[in-house]
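The first chain written gets the first letter, and so on, giving A, B and C; residue counts start at 1 in each chain.
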Amino acid sequence: MVVKEFISELRTAFPDVEMEQAQTNCDLGNNGYVHVYPKSEDEIVTILQYANEHGKKIVVQGNGSKKGFGGEKETADILLSLSKYKGIVEHGAGDMTVTVKSGTSFQELQEFLSEYKQQVSLDPSWPKYASIGGVIASNDSGPKRLGYGSARDAVIGLRIIYPDGTIIRSGGKVVKNVAGYDMNKMYIGSMGTLGVFTEVTLKLRPLPKKESVVLISFPEGSFEDIHAFAVKILDSMMEPVSLEFLNPSLAQKLIGKKQFTLAISFEDVESSVDYQVKMIQDMKPDQTTLSILLDNEELQSFWNQLYSISPNGVEGNLETKETEACLKVGVKNLSVLNVIRDGQMLQDSHNLVVTAHGGLGHGICQLNLKGAREDVASVITNLCQIVGRLKGYVIIKHAPLSLRQEINVWGDKPTYLFLMEGIKSKIDPNHVLNEKRFLGGI
Amino acid sequence: MVLKENDVKNEPACTTTSLSNYLWSDAPDENKWADCVHCGMCLEACPTYELTGQEQHSPRGRVHLIQSVAEGKLEVNEQFMDPVNQCLDCRACTTACPADVDVGGLIEEARGQIRQAMPLKGWKGMVSKLFLEELFPYPNRMNSFGGLLKFYQKSGVQNLVRKTRLINIMPSHLVEMEAVMPEIKVPVRKLFKNEEVIKAKGTEKGTVSFLTGCIMDVMFSDINESTINVLTHNGHNVSIPKKQTCCGALHVHAGDRETGRKLAKQNIEAFKDADKVIVNAAGCGCMLKDYPELFREDAEWKEKAEVFAAKVEDVSKYVHDNGYEKPKSEIKTRLTYHDACHLAHGQGIREEPRKILLDIPGVEMVHMPNSDRCCGSAGIYNITNPEMAGAVLERKMENVPDDVDMISMGNPGCMLQMAIGVEKYGRSQQVVHTIQLLDWAYKKDAEKEKSNKGGEK
Amino acid sequence: MPLKLKTKDKHIKKLAEIVNGPKSILYLKEDLLAYDCDGFTIHRHMPKAVVFPKNTEEVAAIVKYCASHNLPFLARGAGTGLSGGAIPINEEVIISLVRMKRLVHVDLENRRAVVEPGFVNLKLTNSISEKGYYYAPDPSSQYCCTIGGNVAENAGGAHCLKYGVTTNHILGLEVVLPNGEIIEISSDGIPDAPGYDLLGLLTGSEGTLGIVTKITVRILKNPEAKQTVLAYFDKVSDGSYAVSDIISAGIVPAALEMMDKIAIEGVEAASFPVGHPKDIAALLLIEVDGIEAGIDEQIKEILEVCKKRNVREVKVAQNEQERARWWANRKTGFGAMGAISPDYLVQDGVIPRSKLPEVLERINQVSEEVGLRIANIFHAGDGNLHPLVLFDSRKPGETEKALKAGTACLKACADVGGSITGEHGVGIEKMEEMRFVFNEEEIQAQTAIREVFNPKNLLNAGKIFPSPGRCVEIKKEMKATSVKSEEKLLEFS
């Protein structure tokens, strides 16, 4: 009833904006009584101003793939969906830059760019759902981060609406820019707590002329060998784009081998890729098996599977009884080995499935847990301890609301949290946007 | 004595822009600092900046201060003197400078002003006066001084001083220097005093004139001998003009540009008829080449100085460029090469000495990191600025590889300083002049030939 | 123990105690004068004192003291910045970090190193090169600039085209906040620390948010091979088009540099000449690195592009010495201007690559309008221009003209959608030009961040941002005082 009044109030205030009353429900929270689908920046500005002035709370989302990421509330007043705010704004093919509306899905963007033999050099999860705005706001990255870096390396400009409706541009259209503070960095990964991105400008890279993935699967109990082999690769002249370590459960899903596996990928001109693949073949440790993915289809299917093993907020799992969670773990590069190994051990000691991978050249791991709620919770707690000893961090990228209310999604508060609180209160003093969805309850 | 020169003005010669606080003629040259754009490329090249991290002890800082005096922002006073005098005049900044700013020239000109505004006092003044004014310019006094030193070494007084711990009351850096003083031999100017020209061996290529140097000839006369041997061995007649005198480098470094000019004139005259002026001390060579700078306010002498400067060549470069016999005998040694500032930075000579050394069979060269970093000798800097000189030396010794037998270089000042370093830090290296090593190899060749001939008989 | 100082100033006495001795503080006019500017020499101002702390604790103590006594202060590295970020316009206490120059730790396996802020950029590469590693950001001043200063300015360099600028290589920081509190952000160098990216915010904040006292940087493995190409063009436009063509061909060169005729005249007259022909209009210096097997292919393609664009002569470096000579010639380019002009003012605009011909033409016009020569040495690959306005400050009015020309160049960049600075920072030089790219709200959004970190605005105040409404006045005053540098410039605070 209250909701009905609210929506009619909104409809009166914004007769032209598409909106609907919330329908489906899932166990991830971060919902809104009313879903609004703005199609212009003006609409976004006015909705934000309205909420700011009327003490309403807003949850921001693209297509909802990250609904299970952070946040302690079932629902806010308004869910601002950018799923209908999409399209390419400007593409400077010669300048290798693109400006895109934030609701555009990552896949759409890459498909557009591939016509020009260009790409955004990021490889986030669920490209078909993930909006570019969401990828940037959550600072999502994938295995190719080793070669190409993460969002903070690719984003050169943002257009962001502050809760009071002010439009702020940060960065610009050029690849090198130090005019003023590097505000882009602050907005990237801010989980929508500072403003609503409307446009993202990215620097592009040429599509590689050749790509190849070498998979090396190790026999059980050869951890020292894996470590030594990884160090050897990292210390060599080779330039892998990813050096991703897969646990047996994941390797089985991807390539049918239930073994710890290294996925080494190369992207470059043909002669260079061939040369490096040959080098890997030559240094292959004894008792390991090696396979090479060369043809496009194989490669596509490998990466697509890898990018879709984590749970997402779009394809809800209300039917299954099992609890799913996804963790992002950051440690020193080579400690990734320990995290993935211990993750596998926890799978065996608890009754659940852990599919996990991590980059030996960049230190970021993803662990997907699936099992009974208590087991999932207990494994998370265990992992936090393990990672704590490695001086790393654990972030829960996806978990049901109830679990998030129980376990701290962002981990311990840093000593400098006051600076972040200061930033938040300067920009969003009324806590309109994504309330309590971020570190330290920001 | 000094002030009798006709181009000296007793009274301050105020320049046209009255802002300047340089009150005497020969003030630092505006055009020199106009080239400096304050980019900072010189910072890391400067030994005193490396040690202090302070801008006023950096090349661009010094240039800035020197300029500020001319602009009337500073006065020539003690506080200004400190950074200017702490400069080693090693010229490393000139090498690093993209715009070739002549920092060394500015420093020397500024020192000239300081010297006149504030005559040296106290102990430093005394030492400086003794060496610079009373000793170096006078070959006969130098010889007597050499004789005294020789007496000191041979007579047992040296032993006495050491044993009685009299040495303990000498300032520490003088003790260090005393400890490594080379054995004094007969200067070549005395040795060859009756020979107009020392004849080349084998086919004659021509005649060169040799500047023996004041300290060099007294304290390192064996190197002078080696130089003559190497030159004659390779077909060059060597003449030693009698009227030559000290090059004046130490005076100019210390700001006594008047004496510098006086000595320069004497040398220019002495070598008037020479085709080539060969020098084996980098510091001297650099000074001789810089004579025109001393006369920038005297067109007539400037021209003479330019003609003279064009004839000056370091022995290593001369020998290298004119072809030399590669010795056949082996000198089995591991050595490292130190780039004397006034050879590398001052004259751009880096590769020639190394090539000569590597042409001696048995020589194995070990790279010295930062080989062109000043050792802290810098003329009489190690006497006047012992603290900084010591710190610079310490850095230098850190770079000397452990596992070498010899350290080779082309400057007597460096040799003395490096010898102090070897002694002070308990190292074992022998300090040699590049040309000496070549001479030793030739000598070995000669001995072999002799014994071979002997054997044949 | 009371120290012997030639001053009665109680603040100086106290600061001297903190840094433990008279050799770690400067306070006399003759010494301070050497600190009245950095690499930006048009404006000068005297500091109150210069202190030389040895460690983080001393920095924190100095900052605490200054903060509690309302003394303005700022941090300084080697003082090679080109926008005046280290100039004490408020008579600051300068905290010189050059004595904090240790290489604290190298972890090759995890590809990171920890350095103190006074550590010189190139020394890091030199310390790890034997093992086959290097530190990528290479500003032209890398021979002497400090990594602390690089962090403050988010320094770039010739090889940023492929490898990114400083911020892409900073993994962790220890920072003394303007209230003297010490914080550590990702000191283990683990990326993506939870929370707002303060690392990213601090890097490039030009010393206005905090003083960095320890830096964890990413180090990279040396590329297997490098090839360097030098191409001479008779027309600037041909050179510019070649730049675009190379990038469009899908090549990511490690560096792609351009110099125009006047710049070539400068470098050839200076200490590291290469022997470039005097009559060419532009040259490109192109470097490709990576896997040896793949390089020839790319070089071949580059040569073809150059030929298509009417190159007069193009050559590949035959050995490391030749390559080093080309680079020394390029990297000393700014300083080399001293050989053909008493003063220069370097600008740092960035434009979308495709606008190169248009903007270079505009700069040419500016040069004619103000009657000063403008040389161009720049990172063409990422559109980062460096117009060098040549002038003689001794001639009345020329400094003003040069400033005007600089501003006009930046306007030209901003007008085509570019930026006013790509790597030198805003400092005091380009405060007013910030308005070319940001509106009032956007500037306020940034100063709001400063208020969070630096609420009393004692740390390096009056830099980067134009004061609302007062900016025109300030700029005018600055231009006037740039000639008479003794006068106090601004009463910021």
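FYI, a residue touches a chain if its C-beta (ideal position, glycine included) is under 8 Å from a C-beta of that chain, and two chains touch if they have at least 3 such contacts.
This is a predicted model, so every value here is computed, not measured.
Could you name the chain whose CA centroid falls nearest to the centroid of all protein CA atoms?
C
Taking each chain's centre as the mean of its CA atoms, which one is farthest from the centre of subunit C?
Centre of mass proxy via C-alpha means gives B as farthest from subunit C.
Where the centres are mean C-alpha positions, what is the separation of subunit B from subunit C, in Å?
Using C-alpha averages as centres, the distance is 38 Å.
As a quick test, compute the distance in whole Å between the mean CA positions of subunit A and subunit C.
Centre-to-centre distance between subunit A and subunit C: 33 Å.
Measure off the straight-line distance from the CA centroid of subunit A to the CA centroid of subunit B, and report it in whole Å.
Distance between chain centres: 66 Å.
What residues in subunit A touch two or more of the other chains?
Subunit A, residues with two or more chain partners: not present.
In subunit B, what residues contact two or more other chains?
Not one residue of subunit B touches more than one other chain, so the list is empty.
Which part of subunit B faces subunit C closely enough to touch in the complex?
34-44, 52-56, 58, 61, 64-65, 68, 73-74, 77, 79-80, 82-83, 95-101
For a test of understanding, state which residues of subunit C touch subunit A in their complex under the given definition.
Residues 107-111, 132, 153-154, 156, 160, 164-165, 167-168, 183-185, 188-201, 203-205, 209, 221-224, 244, 247-248, 250-252, 290-298, 350-354, 379, 382-384, 417-426, 430, 434, 437-438, 441-443, 445-446, 448-453, 464-465 of subunit C touch subunit A in their complex.
Using the touch rule from the top, collect the residues of subunit C that touch subunit B in their complex.
Touch residues, subunit C against subunit B: 23, 26, 28-31, 33-35, 37-39, 41, 50, 52, 78-80, 96, 98-99, 101, 118, 120, 141, 143-145, 270-272, 332-339, 342-344, 392, 394, 486.
Given the complex with subunit C, which residues does subunit A contribute to the contact?
92-97, 117, 139, 141, 149-150, 152-153, 162, 166-170, 172-186, 188-190, 194, 205-207, 209, 231, 234-239, 268-276, 328, 330-334, 361-364, 391-393, 395, 410-411, 414-417, 419-420, 422-423, 426-427, 438-440
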